[in-house]
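Take this structure, written in structure tokens, and hold onto it; I'll ask about it next.
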Amino acid sequence: MRLAKIRGTVVSTCKEPSLQGVKFLLVQFLSESGEPLPDYEVAADVVGAGTGEWVLISRGSGARQHDGYQSRPVDATVVAIVDTVSADTGLRYSKKDDFH
Amino acid sequence: MRLAKIRGTVVSTCKEPSLQGVKFLLVQFLSESGEPLPDYEVAADVVGAGTGEWVLISRGSGARQHDGYQSRPVDATVVAIVDTVSADTGLRYSKKDDFH
Amino acid sequence: MRLAKIRGTVVSTCKEPSLQGVKFLLVQFLSESGEPLPDYEVAADVVGAGTGEWVLISRGSGARQHDGYQSRPVDATVVAIVDTVSADTGLRYSKKDDFH
Amino acid sequence: MRLAKIRGTVVSTCKEPSLQGVKFLLVQFLSESGEPLPDYEVAADVVGAGTGEWVLISRGSGARQHDGYQSRPVDATVVAIVDTVSADTGLRYSKKDDFH
Amino acid sequence: MRLAKIRGTVVSTCKEPSLQGVKFLLVQFLSESGEPLPDYEVAADVVGAGTGEWVLISRGSGARQHDGYQSRPVDATVVAIVDTVSADTGLRYSKKDDFH
């Protein structure tokens, strides 16, 4: 999975029928240390993530391992909202500090 | 999924038999802010997208999650026509404004 | 799918048993405008493509969506020979012109 | 698989339900000669790897080939702890020497 | 598939149980013309390849299309030992010449 930050939303009326009801979020990938990277993804949201939150993105067939998503044409999904990222050099990110 | 813009079409007479009837579109990937990227893809179209429209491309096995596509050798499909892209900094793209 | 040009062949005697009878082509990826890219692939051929022809390459599990290929360890296949590539700026490639 | 080094952990309370009980490790990819690369991954751990250890990361659907992981939305998993890496030029890495 | 050269071996005692008995080879990817690339992979071996040999690497789910490998967490496998690579410009590689 990759670390990313929720940046916005993508809206589509005309889409593959099974995508009805799927929420599309614009997410920007983050480096290991939290710097925004040029890469982004439009990901389905199954955890109710909000703008600015750090999340984990699962891609490929992993993005469809969720009830009701097995046959939807998605290749990226927000699967977790990150609380903390800790490394050998100490705490790198804490949602509590970021959103206080 | 990735944001892309429809640039053209690819025609093939001699192809894997199950690809009969599949429309191939030439799509150019866009950066998060809408700039054209050097990367492109030839994608199957299941939503009837037209030249210049912004779309979402699903790749890998996700590209085959559509009625009748499960056993076709495609690895990229246009799965949605984008209406709007909104970010924390405001509206980034609106089809209505782009095509008025 | 990606645009590529047939450059040559790869021959192997000692291989995974199910690869017997699979023809391996050396293909060079092309940019959207037809320039050769540094990336290449060794792809199985299911359409009888010849040297110099422009083709479409399907990668990943898409490369095995062909009768008798479902259980073969291939991750790239030539799935179509390209007749024309047309973009908003006009005809970019025509097999007829290329091979006359 | 790719060589990587365990750098830390990622904690998430709000996540896709089937991810309960999955341990997320922050892993940094290594070059063939053991230099840290800028790329990282957040990987599920099924072997009990510890900080600083060299491991093998399997990505894509390969990351879910483990009892109970088939339907979890993970796309990267720590599948082995590396003892030694040997090349034609000699021993490149030995866990015993690294952790003595 | 990609061209690669066998460079060495990776040994692991503590690993996902189904990986018992799998031989891990360190392989270095080659450019189309045979130059070593910075990218490498640790690949399972199902053909008995030896150091210095040119091989074909299949990645993703293609790497598990071999008897007994369907449920093993591998994402790269050596599936063929290359005899020759021929291009429109002539013979690029011949195992016979390389190992005489």
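Chains: A, B, C, D and E, in written order; residue numbering restarts at 1 for each.
Convention: a contact is a pair of C-beta atoms (placed from the backbone, for glycine too) under 8 Å apart; a residue touches a chain by one contact, two chains touch by 3 or more.
Treat the numbers as computed from the prediction; the structure is a model and nothing was measured.
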{"item": "Other chains in touch with both chain B and chain D", "value": "A"}
{"item": "Chain B against chain A, contact positions shared by both copies (same if over half, else different)", "value": "different"}
{"item": "Computed distance of Cα centres, chain D from chain A, in Å", "value": "21"}
{"item": "Rounded Å distance between chain A and chain C, as computed from the means of their C-alpha atoms", "value": "34"}
{"item": "Residues of chain B whose C-beta touches two or more other chains", "value": "60-61, 63-64"}
{"item": "Traversal of the chain ring from chain C via chain E", "value": "C, E, D, A, B"}
{"item": "Chain B to chain C touching residues, read off their complex", "value": "7-16, 18-19, 24, 26, 28, 38, 40-43, 51-52, 60-61, 63-64, 71-76"}
{"item": "Chain E residues within the chain C interface of the complex", "value": "1-3, 31-32, 46-48, 56, 58-66, 77, 79-88, 92"}
